[in-house]
Structures are given as structure tokens and as C-alpha cells.
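Next come two complexes, and both contain chain A; in the first it sits with chain B, in the second with chain C.
Up next, the complex of A and B:
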């Protein structure tokens, strides 16, 4: 009977380059979400407005009588606004359990005992949410731009509105960053993904309801910074070179969004730890 | 000499007694949990807002003047009831607590302890539902009272007190019906929160603003018909809603709300009686 050496042996396998461990978390997370039929249905639903808009662009490009449907710069802004609903639901579906589930299963300690930094862990989790949110914001908006060029058979509209490409990209990035950091921060604060989902809905809807109540009473929208959604809308109008919808200076809207992102990052920094030291 | 051993087993408690015991157990859990912090934050928001309005009013700042005319305290209270309580707080608390009634026990793997008791399974749901109702009513209604007394000037209280009583009744009815609906969803589905949020903040606000019969498949349509204050216009949906508004008579609204309450509670209890809950390993 052979007796195997039980002593220490160096790891012989391949080593991943430092700083790439987040990709493993991201890949595993994406695979896990993609395999759920309900989520695919939600993703499909999120592309329904794109199909409606594509038909609109087709009709405007090919029928003189439907020329009033021709897309303008604000069509893309409206489209991004409409996608906000799907951003909300995808954020809850994908993001609520991202850290909460690990905390519930006490997996955080396991993760962080591997050659993986806290930053890489959060980056991996964020990449999952980021990817799916790109799929419901940036991807359909850019596709719509491409569809416009294809149906019109010319680059006239695109060249006349060259700012749309960076505007769509920038707004999508801001929107995604806000949703993803807020959700991850909330997810790191609880062990129940249901609770996280409700907290996120609370943050978004409650602040909107509060702002609407204040606006209804004072007939002024100067306090739009109360609601992150309203601040984001204001920022979106500025990015798309449209007249802002609220009486709120754009820099205040920007500060609100940045502030919420900063607070979320701070929460993540404090909550994502391998060992919680209780003093 | 041998002593006689007791042979008769004690009778199982009745449905109502079992519900009462679960209610007593759950009420303490609900009131002294971290969830209550969330609820306190949600209902504390309007109170803080009301105090801010009162301070603004005291210092005579122009924020509460529209075209030079001072906004009445009763009007401010009406806006807050519509925007914050009827449209947000009542549905969100319904989703939050209603979906959690059974799902919490499943998630914490403690449902086994309840189901192995000699009580009907439906009584577990009923007891928890009653605890939810008591807990939310105990927190929400005092918050409304605080908002009322902070916002409405003393001189207007005799004229508007009836409206306050009506508001309290409407909010209690809303909590009861939404709670029953989401208890049913929570007992039935695996991902109840998302479905609940879609229903409360996706389906209802859209359908209520549309013409036709679809609005009858909402709780909001009947609940909002009872609100004694004028609906504020805060966007395209509100304008559409007021355009297509066909407020049902009081008795119709009450009948539908009662119907929803009973039907969803019975359905939820039946599901709990029959469903096999699989605990994640």
C-alpha cells in the first residue's frame, strides 16, 4: 500500500494574473442569472420599447404620411427615460441578492480568504449588474441609433446629432453607476434579498413621492435633489442638450447623484469585510 | 397499587385560538425587529416634512405661497395623504410585510416549527396577517395624526376633523386589503417581492389612469375613490387619471375592497394549507 507524502507541496497549476479574480465572480454571476428563464423574459420585455421605436423609425423613414414620427434628439432622451422602469426591475432582480446572499451563507469570509481583494469582490459583483443594465439601457439606445441609420439609408440624422452617441453613453453610465452602487450598498447591509429589494424600492419611490408632495404643495421643483431619480432626470436633460425639466441647477443634480454614489461606496467599504470586528 | 396514567390527549386549539396564539407570537417579533426601523423611516418622513412646513409657516417664509396666496394647511394635508400615504406608504408596507408573512419563515427555515404544531396551517397565516395589520396600523395611523396636527392650523380642526377620521379609515382599509393581496402573493410565489412591486408601482398606477374596465383589477381604484381630498395633479398620469376618473359609489368601493380582502385571505390560507414548502439546504 503506497504511502503518499502528506507534507507541503507548492501549487503547480497556472496562476491567474493579479487583479483578474473579479472576472471569475462576474462570469459565475452572469451564468447564474442567464440560466433563469424568468430573467430572460424580463430582458425580452425590456427590449419591447426598442421594437416599438424601431417600427416608428421605419414608418417615418419610409412613409411620407408618417413623417411626423421622425426621430429627434429628444426621442432618444424619452427612450432612455422609458427604460428607467426596466433599470429598476433588473436592478432588483439581479442586484438584491448579489452580496446579501453571500452574507447569508457566510460566504464572504470564504471569498476573502482566497487571493481576492475586497475591491475585486465588489468589482466582480458590480460587473454582473453593470452588464445586465447595459443590456437594457445603452445597448437598445445605440441599436436604435443604428436602426435609424439603416432605415433612413443615410447618415444625415446621425451626423446632425453627433452628440447623441456620447450623450447616450454618458447618461447610461451615470444611470447604471447610480443604480449599481446603490443596490450593492443596500445588498451589503442585509442578509435578506427581499428586504434589500424593498429598501431599494423605498429609496427610489419614497424620495420621488416626497419630492412630488413638496412640489405639489409649493408648486416649485427646486427641491428635486430630494429624489435621486429626479436629479438623474435633470442631469439627463442637460446631457441630451434639452431644456431641464426642474428648477434645479444641473450642478446640484450632479452633486446629488455623486453624493449618493459616494455614500454607497463608503457603505461598501465598511460592510464588505472578511471578518467583522465587534468592539 | 398503580396510579392511573392520563390517556386522553388535550384537544387541539380551535382555528381562532390558534390564530390568536400565532398573532401574539408574531406581533412582538414584528414590532421589535429591524424591519420596524424601515417602517419608522417611511412613516417618519411625512412627519418630518410636516414639521418643516409648520416651521416655514411660523417664520412666514414665502415657500408656502403660490401666486402670493398662502397654501391652506388642510390642502397640504390632503396632498400628503394622496402622494405619500395612499400612493406610496400603504402599498409599500403591504408589499414589505405581506410578502414576508410566510416567506420569512421559509427563508429562516423556521416554518417547520410552526407546521409541526397541532394547529391548522391556515391559522398560522391568519395570525401573522392580523399581527401585520396591528403592527402597521399602530405605526401608520399615529403618524397621520401627527402630520395632521402639525400641518392643519388649530382653527381649521373642527371643520376638517371628519376628513381625518375618513383618512384613517381609508388607510386602515388599504393596509388590510393590500396586506391580504400580498400575503396571497407571498404564499404562492417564490419571488413575491418583485411581483408585488410590479403590481403596486407598475400595474396599478398605469391601469388606474386608463379608460375601460382594467382599473377594476386594482385595489388603488377603489381605495382612491374613497379619499375625501382633491387629487393633486403631479404629472401626465394624474392628468389622465382625473380625465378618465369615474369614481365608483362609496358602497361599490367598500364592497369590492371587502371582496378582495376576503378572497385573497381565503386563497392565501388555502395555499398555505396545501403547499409543500421546500427549504433550501
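Up next, the complex of A and C:
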């Protein structure tokens, strides 16, 4: 009897219903990322501002002389602005290779020959990025709110600023959705993770530089929609009930963000296929 | 848990086609990759044969749902490809032509991952991954990263990922591409074993006639996007007659014309060697008689049996 006869048996066990493959993709992706020490260091670094802010809250709550450090509503807005740097780095680190690496290894045809849809594939990949971006935006901001309540020993601040919980959540979701869809779209356009990372950084820096140049020339920030970062900042101010920093109507900022997400989804729809047809 | 029983329905017993195409056409820009293809793939091992560009891979990709046909309908395992793509894909395994893997994984993680994507629970997928990797001959290398695999090993791992969820039907696209002779023989034995001993139906797409002839019982020959011929290999080779390798001195071209005028099927195999199919019992004497009549010398005459190569040559009209 050939040796290989011992190794193949028919399978009659359970099979999961269709629609859960995205979880398999997400779990495998998360496991792959957290096994990298460099990423864990980046994640740790992303929580450093939280530690600083937590100390600030502690001092304000326990020492009269440090009461000027007491958090206000805009403290949370500033905190989320600061976390934008880590959103940028985590998006590149985690997101650049999510689809590009699969394209390089011709894995898309393997994925899509399994019982999963293109939507599920993208959802699985997006869940990986979504989770890690939540860990550097929403999670520390909410933790800061919890820390404030714990150190102050009362819900006074929280109840006086009830809008903060939905504001943090909504802004984090918009920020993550924009970063994740844009990055996945770029990742689906190349086979090189490095190139995707450079492209993403280039788009962010170039649009910001262009906006600042236009702003300098026109002495107006009405064209903030040129830069996705600026449009997001404008939306953030509105969400946190702060005076908007640019002369851009909030709905235009919202349309810019929505437009970018829509374009990214369109690119993903066209690029994530089992076969690339060149006519 | 995995079942150890022998397959209930051995390949080849049921004659309902596992795959059928009705008037399927696929257009890439100005080129028709498939033109009004109507074909049926019966259970067992079926070879999809044809030269490069004949439309074999396009047909498989259309059956997988990667390419949407411009017209026509297709069914796989009795399910409509357009209506039930996920159900179909949960029951088929696909081994693509080119190198393909999920990056950053070792072999056993990769195969188990593919099993989970196909709906197997994590524990069962891992167990099946180990079994299948042993089956395809990668047992000792299963903890190695896929990026370090040789071409032959990558072919085997593609077969393993296609098998891990125990599909009812396998699509194998050029499975011996880039393999050394020993590896190729082993791969063909595996394919033969799957189809004939393990009850897995398979469609083997290849331009290599010996591969198809060794592993398959039935063949569909494609040429320029159309089905040139199809049927059981033995039947296509023909029940009667002999094939002769023939080399003559004299006007070989004119003699070729004479042979064809006599109704003999012949085609060139080399610079000056032709293969001549002589139907019935006429045999070599008929060839000698014709050579004598036409004044050409027979320098080489070797009897042979009809091969798939002859079927293929006849089907695609090679002369």
C-alpha cells in the first residue's frame, strides 16, 4: 500500500455556514500582526500619551495646585488629535500589506475559490485594521474618560459632558473608517507593501502641503477639503462641539470624507477579484 | 470528526455530468476566450486538453465564478454557477496554474487556514491539514515557511489546500507545471489515486497529453475557445486500426497527399517523420503498396498504438 493511502480520508464532520469566513481572515491577520515585536512596541508607544494624560488627570484630581490641569471637553479632542500620529503609523504598518501581500502571492484566487464573497474578504481585512486602530484611538480615549471618573471619584465631569462618549466613539469611527478604506484601496492597487505605505504617506503629506500652500496664498482655509486630514479635523471639531478651525462648511468636510470612502470602496470593488482581466 | 470510511460513490459510476456548460461564451475585449461552448464533464477524472490559449483556464475560472460569461449557463454538481456560487465553492477544490499561497505562513497553518475558510472547524481543519500534507508528500516540511518552498513543493501545497476540505470535485490547472520528472510522476500518481481510489471527481486542465492520458478516463479537447472533441479516451483513440511512424525518401509532401486521399489520417511529428493512422486491418502492407505505387522508399516504419496525441492532433487539425 502506498504511504499516501494513510494520509487521505474523506471528511464528514461539521461545516460552518457561509458568511463567517471574514472572522477567520480577521483572526489570522490579528494573530500575524501581534506576533511581531516591532508592532507591539508601536502599540505601546501609542499608549504613551494616555499615560501622560492619566497622570495629568490624577494630579488635577488630587492636588489643588495642579487644578489647572483638570480635563475639559477639548482635552479629549486634543488627545484624539494627538493620536492621529499613531493612526497614521498603525495604518501604514498594519494596512499596507493587507491586500498587496495577497496580490503579490496570488492569494486572491485562493481566497475567492473558497466559499466566501469579495465583500467578506475585504471585511476580514478591514476588521484587522479596524481593531488595531480602535486600540490607538477609541480605547485610550474611553480609558481616559474612565480614569477621569476614577481619579475624581465622581461622575460630575462625565455627566456634565455626556456628549463626550458618543463624540469619541463617532469621531473614532469616522477616522478609522476613512483611514482603513483609503489604505485598503491603496493596498489593492499594488503588489508592494512598501510602495503602498509610501503612497499613503505621500497622499497625506502632499494634500496637507497643498492645502497649506493654498491657504497661504489665498489667506483662507475654505479649501480645507483638499486635505483629508484637514477635513477630518474640521469634522472632529464639530463632533466635539468646538468652534471649527477652518472656514469650511462642516457638510463639505463630511462630503469630502464620504467621497473618499466611496472612491475607496469603488476601487476595492474593481481591484479585489479572483482574476485580473487585461483587455 | 473526520470519517475514515471508503467513499460511497466511486468515481465514474454515475453518468450525470458533474459540470455542464450550455452555449457559454466569454469575451476579453476583442478576443473570445470561449465561443459558444457546450460540454459535459462526467464523474471521475476528466482531462481538459488544449494548446495554450485554447480557453481551458478561462473555462475553469468561469466555473469558479471569477469570470462572468457573456452568454450561456453553467452548472457544477447540479448547482447553477450564477445562482449558487458559494455552495459550489464549498464543494470544490481549486489548484490554480500559477504560484499561489497566503504569505507569512508555514505549510500546516496555511492548509488549516484554507480548511477554515472552507467552513471546517479550527480543530478539524488542523487535523486535516496534517493528514493532507502527509498525503501530498510534504509531511516532513509542514512547519517550513511557504516562501522557502521549491517549485515542486509549491505545486504540492496547492494540491493540499485544494484537498483539505475534502471536495467533491477538484479543478486542477496545469498541476505538473515546473516539476522535475520524479515530482511530476508522483503528482500524477496522487491525482490518479484521488480520482480512482478516493472517489474525488476531478477536471485536469493541461496541455501535456501524457499527464491527461495517465490520469484521466475522459477528455474534452479545446481549441481556439471551442470544444474540438470530447469523449472517453479509449473510444477517441479508436477501436480498430494501427498507427505507424513513417519516414520516406522521395517526395514526402506528395506522399502525404496520397495518404490523405486514401482516407488515412496523418500528421507530422518531427521534421521528416509522420504518424499515419491506418483504419481496419489493412496494416503496414497497405502503406508499402502505396509507397511502391508512388515511387517512394520507406526508410522507417514503426507500428504504434493510437495515443491521445493522435486524438489531439486530429481534433485541433494539426497537419
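The definition used in the following text is that the second predicted complex is superposed on the first by the 268 of 279 C-alpha atoms of A that agree within 3 Å, B and C clash if a C-alpha of one lies under 4 Å from a C-alpha of the other, contacts with A are read in each partner's own complex, and residues count from 1 in each chain.
Throughout what follows, a contact is a pair of C-beta atoms (placed from the backbone, for glycine too) under 8 Å apart; a residue touches a chain by one contact, two chains touch by 3 or more.
Bear in mind that the values here come from a model prediction, so they are computed numbers and not experimental data.
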Inset, instruction - Answer with first, second, both or neither: which of chain B and chain C does A:89 touch in the superposed model? - result: first
Inset, instruction - Report the partner of chain A that touches more of its residues: chain B or chain C. - result: C
Inset, instruction - Using the superposition on chain A described above, determine whether A:48 touches chain B (first), chain C (second), both, or neither. - result: neither
Inset, instruction - With the two complexes superposed on chain A, say which partner A:266 touches: chain B (first), chain C (second), both, or neither. - result: neither
Inset, instruction - For A:10, select first, second, both or neither according to whether it touches chain B, chain C, the two together, or no partner. - result: second
Inset, instruction - Please work out whether A:160 is in contact with chain B alone, chain C alone, both, or neither, and reply first, second, both or neither. - result: neither
Inset, instruction - Could you give the residue numbers on chain A that contact chain B in one complex and chain C in the other? - result: none
Inset, instruction - Spell out the part of chain A that touches chain B in their complex, as residue ranges. - result: 38, 85, 89, 92-93, 96, 192, 194-195, 197-199, 201-202, 205-206, 209-210, 212-220
Inset, instruction - Using the touch definition up top, name the residues of chain A that touch chain C in the complex. - result: 2-18, 20-21, 24-25, 28, 32, 97, 101-102, 104-107, 109-117, 273-275, 277-279
Inset, instruction - Name, in rising order, each residue of chain C that touches chain A in their complex. - result: 1-7, 28-31, 61, 64-67, 86-87, 89-90, 92-94, 96, 98-104, 113-114, 116-121, 124, 128, 131-137, 139, 161, 163, 165-166, 189-190, 193-194, 197-199
Inset, instruction - Would you pull the chain B residues touching chain A in the complex into a rising list? - result: 35, 38, 41-42, 45-46, 49, 53, 63-64, 66, 71, 75-76, 79-80, 83-84, 87-88, 92, 95-96, 99-100, 103, 107, 191-194, 197-198, 201-202, 232, 234-235
